[in-house]
Amino acid sequence: MNKAQTKIVVMGDSISDCGRAKPVGEGLFGALGRGYVSLFDAMAQVDHPEWGLRVVNMGIDGNTSRDLLARWETDVNAQAPDLVAVLIGINDVWRQFDSPFQPETHVLPDEYAANLRQIARQQAQHSYRLVFLSPFFLESNPQEPMRARMDEYGALMREVATENGIPFVDLQQAFAGLLQNFYPGYLTWDRVHPSEPGQLVIARKLMGAVESLRG
Amino acid sequence: MNKAQTKIVVMGDSISDCGRAKPVGEGLFGALGRGYVSLFDAMAQVDHPEWGLRVVNMGIDGNTSRDLLARWETDVNAQAPDLVAVLIGINDVWRQFDSPFQPETHVLPDEYAANLRQIARQQAQHSYRLVFLSPFFLESNPQEPMRARMDEYGALMREVATENGIPFVDLQQAFAGLLQNFYPGYLTWDRVHPSEPGQLVIARKLMGAVESLRG
Amino acid sequence: MNKAQTKIVVMGDSISDCGRAKPVGEGLFGALGRGYVSLFDAMAQVDHPEWGLRVVNMGIDGNTSRDLLARWETDVNAQAPDLVAVLIGINDVWRQFDSPFQPETHVLPDEYAANLRQIARQQAQHSYRLVFLSPFFLESNPQEPMRARMDEYGALMREVATENGIPFVDLQQAFAGLLQNFYPGYLTWDRVHPSEPGQLVIARKLMGAVESLRG
Amino acid sequence: MNKAQTKIVVMGDSISDCGRAKPVGEGLFGALGRGYVSLFDAMAQVDHPEWGLRVVNMGIDGNTSRDLLARWETDVNAQAPDLVAVLIGINDVWRQFDSPFQPETHVLPDEYAANLRQIARQQAQHSYRLVFLSPFFLESNPQEPMRARMDEYGALMREVATENGIPFVDLQQAFAGLLQNFYPGYLTWDRVHPSEPGQLVIARKLMGAVESLRG
Amino acid sequence: MNKAQTKIVVMGDSISDCGRAKPVGEGLFGALGRGYVSLFDAMAQVDHPEWGLRVVNMGIDGNTSRDLLARWETDVNAQAPDLVAVLIGINDVWRQFDSPFQPETHVLPDEYAANLRQIARQQAQHSYRLVFLSPFFLESNPQEPMRARMDEYGALMREVATENGIPFVDLQQAFAGLLQNFYPGYLTWDRVHPSEPGQLVIARKLMGAVESLRG
Amino acid sequence: MNKAQTKIVVMGDSISDCGRAKPVGEGLFGALGRGYVSLFDAMAQVDHPEWGLRVVNMGIDGNTSRDLLARWETDVNAQAPDLVAVLIGINDVWRQFDSPFQPETHVLPDEYAANLRQIARQQAQHSYRLVFLSPFFLESNPQEPMRARMDEYGALMREVATENGIPFVDLQQAFAGLLQNFYPGYLTWDRVHPSEPGQLVIARKLMGAVESLRG
Amino acid sequence: MNKAQTKIVVMGDSISDCGRAKPVGEGLFGALGRGYVSLFDAMAQVDHPEWGLRVVNMGIDGNTSRDLLARWETDVNAQAPDLVAVLIGINDVWRQFDSPFQPETHVLPDEYAANLRQIARQQAQHSYRLVFLSPFFLESNPQEPMRARMDEYGALMREVATENGIPFVDLQQAFAGLLQNFYPGYLTWDRVHPSEPGQLVIARKLMGAVESLRG
Amino acid sequence: MNKAQTKIVVMGDSISDCGRAKPVGEGLFGALGRGYVSLFDAMAQVDHPEWGLRVVNMGIDGNTSRDLLARWETDVNAQAPDLVAVLIGINDVWRQFDSPFQPETHVLPDEYAANLRQIARQQAQHSYRLVFLSPFFLESNPQEPMRARMDEYGALMREVATENGIPFVDLQQAFAGLLQNFYPGYLTWDRVHPSEPGQLVIARKLMGAVESLRG
């Protein structure tokens, strides 16, 4: 993928979306949204102008791994990317906690793993590379129920990544430092959506993964 | 206070405010806001029409015990109430966690207790009765840092109440049942502002205290 | 219907709707609207967490029994409920009084009874139970013309309920106490839409009926 | 007052106001509001162009006789009118019914009569004539509590008018015909604010009174 | 047409429309718009309640006689009226003066007469009666070019009305008195759309025609 | 006034205002409004860049000559202009026609002339030159009442201009050509506010006057 | 094309569009937008009323020559014009500079020339004449990269115009004077969209071309 | 300034402001605006949590060095900062180019240097340190007139910084790399306000200066 112009599509939920342009999150005037995707794009243009990196944000608020799969053909493959970053799983877990009476909205571990495996298979069938970013919960106590559940999903993603040779970024671990220094209420209003320091952490981690891939 | 018409003023923060009319939260068309104060008023009109209860909501978003004291004369005494319910302390604690770099917004335990004592003295100087409602944090783990801090403030309020013969309602305890059955994310989006089930719990507890007072 | 999770669909008009989410009134953030349905849900979660009650509000502003019938398949049966509460009839009557020149909007007694009978038959064909809540008019004088007409419709609903073994809640009677103590103008701005005390009365009556059903 | 140009000021509440221009309700583009005042002005320009009638609407939403008195100097006398029409009393009564717990908003019969007497005295001290329009309630049953109370106020206004030689228009009686033919819900949404047929009745009655005065 | 309930449909342009409800201008809450149609309805309910008159406003801003014809089937015949009032022709003329370069928007005299004749034929084919209201221009000088042109169209309408035994109301003549007493700028901002005195003139003339028809 | 930078202030009513920036109409982004002032400024920058012309629009909607005088010190003299263009008189006349019952809003010929004379005297007391632009009415018939009245005011302005050696631009005459070719309805919606062709006529005439002054 | 009425369609991008009416930019009340098209229309009505010129603005924000071609049939030919003015090419160039990573949005020189040639062929197949207005960049330094690129496109347009006998207006050259006297920041906020002085330059140049054509 | 908590105030224009909270730009929910100040704060919390850095954004849109001086006492000294970053000069220069006719808005080099010197003297009188960030223009050609002028101001700031031992950050130079790789139109819509890549450059440069100061 070391050609003159590289196209990266980011797939995810509201943590990626952040008000991006619809239907395609690419271009000037805030089209990338106001989160880590835009920050990552800025870092790439400043630090790696020779990459000719083209960033497309396809995150959608509220998406689960089930939703990603359903729109993969139109939102990823049709874009003909060189690289696809996937940050998913928060809503798969969250609905189990905030909507206990609506089980049809819950994506349980087995389905989550199956969905990720189907996404992983796409890589073999197309010419692009995948990067997996783990879901996370901005809570420092690993025994807290929703944190514990999110860790379980992170482990599943790592497993699928390993099986398929996909670079895996452990964002929950990446937040460990911040959570040691700050109470979650400072970093996020709902322990799910990080404010700017958290977005910076994700952008840097994604950049690290992309730099590794480009060797 | 068993006269034909009873006037109760509610003092507090956003948990009481809930969009009440300004400057005085009394009257028709949502003037009581959409939280426990309005629910309490509905219960009183349905169950105790003979009380002739007149409810005035004076909660203001973001208030601490410091803010309550500053506007006590104009917002409580000028209303000539028979009864004053006080639910305060969440923001005294919260700012210590979500705004660690702005210490001037923190109301520390000593000041909190002193503010409550000054409020308690008002009772002696005027003809009304006070009811104290403890601050709470919708988190089931008592070791969680902000929950632990909130419990500390609840204990201080209980202490001041006991010293002054003021009925004390332990709302943190009142929420124990709900927290056993539901994850906080179902009951509130930020562990501070309860949705309708939580508002119902507060309204019922306040009603219990008022019924006791009226014997 | 004593299984682990119980789903209740509420069918009705603006008294049920109260700004619920569309097309399906279920979930967080005010999805149940701001009326008796949301209050009923709060009571259930606080008092009967073991029910695992799932509440879906399908009320629509301005509906008559004719409208309910027309959308019964998609709005009730497709939800696969365990229980269906029906509060209908106010607009069947009101149009006869406020739109005297538009007879095509009037649902006369014969049609009202026929519509209810068709709804009652649904119960036999599906696995859910029905609860009927009578229409009401917040006027204390039973000779007042619109009140008298509404009483006529309430009697018809009771008749259909009895014929079909459907629990019947007489809301007009439930409001008798409030109307003795307060002038209608305090309880409602148009004698049709109750403010919070009235919503509380309905929620409690519905809860009573559901508790009876669950034995 | 038969001079070339005649200026009439209308004092009242929301029934007169109807969205008039503020602070002075005079001029083109809806400055007279969309109620009987504008209709009366239209009738005068069509039927009596020789009067050179200048109409000023000084009604304000929610006003009682107490409020009228408080702004009489600035809103009436400062306008130097030839004629002043007064339609007041609805809110004096209504608050007693819809805000039973706020007695400070109630204008009781004694105060109402006293306020009207003070207004009547203005006539002697200035060069203008007064016309009194009775308050009314769009309810056909004279035993209905709020209707009965309104009739009591109408009788008081008639008494003050007679004492002071002020023309008195009985609007409650003027609505008798409409109420015989139509249910209140067709004529008004709250039995207080008449829709266009009711506004036409008031405008015609006011015109009759002004025609009599001009002989 | 002297049956218990009479339905009248008003067809026209912005002078009739006045913000009526769409798609059908009938019912409460301003559905008739704020012009002569609503005033006419008020007069009918007050003065002729025994007519049981049902008024439907089908005026649309900017319409010409060509537009009326195009929607006659759906907007008039489908309503099954007893009576149809037609006030049309202002835009047929106006476009010739304000849009001289867009001849496709001009409805010339021959077409205007032909359109009216086609409308007249509808009467024979259906069970309703027609009333024609002439177009007008609020200008007192009959030599003024647009006034002269409008008079020409008024004469054509009178001709078609006479041929077909349709009652004809000469509104231009009806405004003669107002125009003698007031400058057009007081009665209308553009010499086309009358303010309330002008609307009153139209409403009264239409009422006169309907009273004659009902004999 | 042939110095390197020339500052021109335009005083007038809504014909000059056209949505200019407040309180001072100078600068980028539409600060000059969307009328002849902005067009005049564009012509000056394109055709006479060497003038260094600085244009300030001080027109205010609805102003009469009386209003101009009242704010002359703050709005003109405080700006220290080299040149002041005055286009005033339309509202002095219009109010006599559209508000016949409000004589206090009428500026009669004597006052108009006196106001202009007082403005003329300012020229002698300060270092700037004046240019007078006549009021106009977009009506081709000189016998039409408001046109005739406006001509009378134009003649008064010409008289005051001549007495004081002030350049006078007869805008009514400037519009003669347009009015010969087009009906007023094409040039303006109310015969007062010209659309773009009319604004172009004014801008060019003002430019002619300024070019003459600069020799 | 010297017939009594001449219709001119303007095709272009945001420099022509300027908020014109959609779908067809013709008529009163700002339908021509607020740019050179409206100014050109005003000049024509004032200076050449005998032309009977009918101006239709079909500019659309963001269009390139590729977009113009795609809508030529419906937006130009269907209008049956006598004359078509085309100002296009800014976005063909701009996207190459502001969206370097989205090559599918770039219209390169070869395609630009081909698109213009296809437009030129339309002239032979229909009865209208074309006028070409060159794209421009408000930058005075011809070595500046985007200015240099725009000049290249202007040369291509001139070439196609010459080949096909189409009048060609060099707008870049027309702006030379303004750019000598003023910094681009005064004439435009982005060096692309001219403010009023620039719009005046375009309008005059287009008028010159049309005058030449009419001989 | 190596104490436990460090407070930094940022003074500047719209490049710093970016929609910050008013009157004081500190706290959660976007209070720091969406530009380099917020990015800088995120970097500090992630990389230097031990600093306890408290960031206050006091930038105001459109400010020049003259404006900064005028509000220095209230907006800087009253905040009792440890460090003050100053990024100013863009508007001092820009007004000379975009508002050539309003010389009172121009801050010429002499005044600019004098203003900076007065700011520098504040450092001696208070306990805080200053950091100067040079103004810049996103134009790669140093001969371009506004770029050349901005360089002149940058040199003046460097001079004042050197005289007073104030750390100086040359932002124009910092942008050299980006300008080599990208056309200004990609980095900014007006060559003044940088989009995210530019904001990142500033944030990093400011971080470098602060890190140096803290040793």
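All chains are identified by letter, namely A, B, C, D, E, F, G and H, in their written order; residue positions are counted from 1 within each chain.
As a convention for this text, contacts are C-beta pairs under 8 Å (C-beta built on N, C-alpha and C of every residue); 3 or more make two chains touch, one makes a residue touch a chain.
Values in this document were obtained by computation on a predicted structure and should not be read as measured data.
Enquirer: Report which interface contains more C-beta contacts, comparing A-C against E-F.
Expert: Greater number of contacting C-beta pairs: E-F.
Enquirer: Using mean CA coordinates as chain centres, what's the subunit A-subunit D distance in Å?
Expert: That pair's centroid distance is 67 Å.
Enquirer: Roughly how many whole angstrom separate the Cα centroids of subunit F and subunit H?
Expert: 45
Enquirer: Centre to centre, by mean C-alpha position, how many angstrom separate subunit D and subunit E?
Expert: Measuring from centre to centre gives 34 Å for this pair.
Enquirer: What's the distance between the Cα centroids of subunit D and subunit G, rounded to whole Å?
Expert: 63
Enquirer: For subunit B, which residues are shared contacts with two or more other chains?
Expert: Each of 28, 98-100, 182, 186, 189 in subunit B touches at least two other chains.
Enquirer: Judged by the touch rule stated earlier, which pairs of chains are there in contact?
Expert: Going through each pair of chains, those in contact are A-B, A-C, A-G, A-H, B-C, B-D, B-H, C-D, C-E, D-E, D-F, E-F, E-G, F-G, F-H, G-H.
Enquirer: Can you tell me which positions in subunit F touch subunit E when the two form their complex?
Expert: 94, 97-100, 141, 144-146, 182-183, 185-186, 189-190
Enquirer: Considering only the defined contacts, which subunit H positions touch subunit B in the complex?
Expert: 5, 26-28, 52-54
Enquirer: Along subunit C, where are the residues that touch subunit E in the complex?
Expert: These residues of subunit C touch subunit E: 98-103.
Enquirer: Any idea which subunit D residues touch subunit E in the complex?
Expert: 28, 34, 38-39, 41-43, 45-46, 49, 177-178, 181-182, 186, 189, 195-197, 199-201
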